[in-house]
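Several structures are given next for inspection.
Two complexes come next, and they have one chain in common, chain A, joined by chain B in the first and chain C in the second.
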Partner chain A sequence: MSDKKAKSKQEKYGEVAYYPGCALEGSGSAYNSSTKALGKALGLKIKEVENWNCCGAMEVKNIDPKLQTYLSSRVMSIAANKMNMNTVMAPCNGCYHNLKKAEYDLANDEETMEVVDRLSKKAGHETYEAGQVETIHALDWVKETIGEEGLKERVKNSLDGIKIANYYGCMYTRPRHIFPEKDAGPGSESTSQPHFMDDLLEAAGAENVEFPLKTACCGGAHTLSDSDTSTLLVSNILQAAEAAGAEVIATECPTCHSGLEMHQIRAEKTLGIKTNVKIIYFTQLLGMALGLKPKAVGLHENISNSFDFVKEKGLA
Partner chain B sequence: MTHLHALADISQRLNQLTAQPAQPSDAAELLALGEQSLEHWVRAKGKEPTQDLREGYRLLALHRQGADKDPSFNACRETCRELVYHYNLLTLEPEHPESAQRARMMPLVANHLFLFISGKLESQELGDFCCASRPLREKVDETLPVQ
Partner chain C sequence: MPIHEKSLIRPENLHVQEKIEVDGIDVSGHWSTFIESRVVTDYNEQLEEEIASLPGGEFIHRCWQCGSCTNSCTVNAINADFNPRYWIYLIRTGMEEELLRDKEIIWQCVSCNKCTYACPRDVVPEGVMKATSHWLELKGHTPKSNSMIFDEIFSEQVIANGKIEDGRTVRRFFARTGQAMMQPWMVEMIKSMMRNLPIGMLTRLGLANFITPRTSDWSGARDAMNEYIAEREAHHRKALRLDDLVQMAESEVGSR
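Entry: the complex of A and B
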């Protein structure tokens, strides 16, 4: 990437409209608190999207995909037209994916444009037009504003000696066509071998292990409706992480994170498969590397208990 | 053409290979178990599994056949490619210092492919409405436009 382009992204992402989404107000609360704490520690500004709504998640998309597109477009419309922001940052893979999908559909499908326009008028707000904002993930946010070198300069408690398997889940990279900025040459994120989380954690001192299931399905959407399938898939991911030598699975999606935590317990109870690998959000790991206390990054809000581990590693 | 093993038999064999440290010499069998898992998926869709190769591998051709008109099946695309990658590592460099570790990992990759496919055979929607962006109820969508 050219210096000019890098600088423009740095400036652009320095202040973003923050879209936490529903999961971060519930089961992913630790991701919410750690993202905010990390941003503050890095001097990045966030403005929460005013009066935001659900992105349509999986439930609405399942019933009516155009309604989901409208719901996601409303979030982007508020950011662009009410808050005058040009970037929306969504830490949740589901929200990130849905906003990117809405962006794509609104740029390419006339029927979707008509439906979204009709619903927006009915709801009494300006119709979102493709291109008004750029949606980014929390990984892009940190990577493009601070980057590896910036992180190295700020690290107070190195993650040195911590072996990490980076788990991205499925929605961060699929389907490829809704992420035009990925697979765009040197420096860009890869849809087949994502590495942004690896890069950031390595810059904070961690040792990333070779992990072949970094984008494999965890059965997340079926975690309650078909728990047995999810438990088997998660259990295999956890065993693979341990076989790769990882002590921690770093996550960047609240659905994956909760699924890994819940099914780690369930696998032990129902299958007798015990794994000890810790499941920690990348924002929690980076926050602690910057010197934040475990409670400040919501470690106590995780289902699994990682306190003894982080203490042992000198992060608490 | 090899005999298509039952899903239960594939599962049993994968569990054996996962539980005991596999050897580099198991790589061909693990790749074949991956192909058999995919064959089950293709047959369940009412098609004859292809004998073609893609990038030199039947496994990748079978995946492509399985994903035809079913983008949700791409949720196991990288797992298939990782399986081929491990097969290559183990067969091209069986004496490599990392071979034992690679042989330990390959059954877990093959097992993930099997679990995804067998899960999807039981619960067709697995992966459908998360990463594929495909609505489950397309027919309903056609008849009930959004108001």
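Entry: the complex of A and C
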């Protein structure tokens, strides 16, 4: 990537429209507070998308995929047409994935364009047109604006001596075609071996372990409707992380995160599989590395208890 | 695991005589194995078309049976009977009865899209799984799966208010599927949440039960979406000939 392009990305992502999504207002509130605290500590500006709606998560598409596309398009339309923003940043894999998918479908599928236009007109707002905004994940946001070098300069409490397995889940990389910027050569994210979170945490001093299940599925779609399957899938992930020597699983999605936390408990209850690996958002880890207090990054809002752990590692 | 021919034959089609003598030769047990041949008379020639008419099923015709989907599948790894490639084969050849043998597990697809990632023909097998579970329910072969009930409760809330509140979604799910809300593992989970949470946070969570998050100015979007859903439902009924089925059933009942 040329220097010029890198600079423009850095500028462009310096101020983004922030789409927290429903999970961050509910079960994933720790991810919300830590993302905001991290952005503040790094001097990045975020403006919450005004009067946003849910993107439909993994559920509405099963009623009808085009409804889901409409929901995502409304969020992007507000960012573009009401707020004049050109970048939407979503920390939730589900939101990120759905906005990306909507972008792809609205650029490539005429039927989708027609339905979205019809629904937008009836709903009384401007129809979103492909290309008006770029959707990025919270990982892209930190990586492209501050980057590894910038983080290294700012680290106050190194994550030195913490062994981390980076878990990206499904929706950050699949299906590949909705992420045209990935697998695009040096500097880009990989869909088979994602590494943006690894890069950032390593820059903050952590030791990343060789983790084979980075993009395995936790069964989040059926976390309640088919809990036994989810518990089995999560316990595979937790055990593989421990076998790889990890003390922490770093997460970048509220659904993955609470899925791992819930089923860690359930696996112990129903399968007798006990694991001790801590489950912490990457934004919480980076925030603490920058010197923020555990409470400032919402560590107390996690289900799993990692207070003693972070104290022991000198982060509190 | 090697495939033994015998494991491909269903037990009910294998006949072995415990005690039998033919022309003075004892051919009891194994020696008298007889495999009942199967005659397929129940093709549904429109099966592929029906699946293709539902969202997600559109590209089923592209499949060339390479098996990459099954090979990469998350659920297949924990249950070998979960076999997207095989189901696509059955659908494309119209073998409805065979497909129905697996009707209880098809909905278990976790939408991880590993199959979509691996498929060389852009079939989007994940979509085919969703279309097939939907088809099973619309045709009355299976009751609504827990997964579909969850999707519906979630979507109802999004369409009505623009946003969801996860606590409410969870409670409604347990109520509608007739399960007790406080499963033992949930109690354990809530206990460990209490350990870490300050009181203020707990009250906030409690309060969330009474405040429904809403997107303002939402009624236009709500009406537009409800209208669209009604339109799609009518389309599916027609594509799956559901009204014909109902009529057939009615005349059958009437003639008795």
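Keep in mind that, in the parts below, the second predicted complex is superposed on the first by the 316 of 316 C-alpha atoms of A that agree within 3 Å, B and C clash if a C-alpha of one lies under 4 Å from a C-alpha of the other, contacts with A are read in each partner's own complex, and residues count from 1 in each chain.
Simple rule for what comes next: a residue touches a chain if its C-beta (ideal position, glycine included) is under 8 Å from a C-beta of that chain, and two chains touch if they have at least 3 such contacts.
Given the structure is predicted, the values throughout are model-derived calculations rather than measurements.
Asks: Return fit or clash for chain B versus chain C, each positioned on chain A through the superposition.
Replies: Because the two structures are overlaid on the shared chain, the partners are seen to clash.
Asks: A:K101 in the overlay: touching chain B, chain C, both, or neither? Say first, second, both or neither.
Replies: first
Asks: Have a look at where A:R174 lands relative to chain B and chain C in the superposition and call it first, second, both or neither.
Replies: In the superposed model, A:R174 contacts both chain B and chain C.
Asks: Between chain B (first) and chain C (second), which, if any, makes contact with A:A240: first, second, both or neither?
Replies: So A:A240 only meets chain B here.
Asks: Counting residues of chain A in contact, which comes out ahead: chain B or chain C?
Replies: Looking at chain B versus chain C, the one contacting more residues of chain A is C.
Asks: Looking at the overlay, does A:P65 come into contact with chain B only (first), chain C only (second), both, or neither?
Replies: both
Asks: After superposition on the shared chain, which partner residues are touched by A:E301: those of chain B (first), chain C (second), both, or neither?
Replies: A:E301 contacts chain C only, not chain B.
Asks: On the A-aligned overlay, A:L213 touches which partner chain: chain B = first, chain C = second, or both, or neither?
Replies: A:L213 contacts chain B only, not chain C.
Asks: Applying the document's definition of touch, where does A:W52 land relative to chain B and chain C: first, second, both, or neither?
Replies: second
Asks: Just name the clashing stretch of chain B against chain C, choosing from 8-16, 98-106 or 116-124.
Replies: 116-124
Asks: From the superposed pair, tell me which chain A residues show up as contacts to chain B and also as contacts to chain C.
Replies: Common interface on chain A, chain B vs chain C: 58, 61-67, 70, 115, 119, 170-171, 174-175, 216-217, 219-222, 225-226, 229, 232-233.
Asks: For chain A, which residues count as touching chain C in their complex?
Replies: 22-23, 25-27, 51-54, 56-67, 70-71, 74, 115, 118-119, 122-125, 170-171, 173-176, 191, 216-217, 219-222, 224-226, 229-230, 232-233, 261-262, 265-266, 269-270, 299-305, 307
Asks: Write out the stretch or stretches of chain A touching chain B in their complex.
Replies: Interface residues on the chain A side: 58, 61-67, 70, 94, 97, 101, 115, 119, 170-171, 174-175, 178, 192, 210, 212-213, 215-217, 219-222, 225-226, 229, 232-233, 236-237, 239-240, 243-244.
Asks: Help me check something: in the complex, which residues belonging to chain B touch chain A?
Replies: 18, 71, 74-76, 78-79, 81-82, 85-86, 101, 104-105, 108-109, 111-112, 115-116, 119, 122-123, 125-127, 129-133, 135-137, 140-141, 144-146
Asks: Over in the complex, which chain C residues touch chain A? Could you list them?
Replies: 55-56, 74-75, 78, 108, 110-114, 116-117, 124, 127, 130, 134, 145-152, 154-155, 158-159, 162-167, 170, 173-174, 177, 184-185, 188-189, 192-193, 195-198, 201, 208, 213, 215-218, 220-221, 223-225, 227-229, 232
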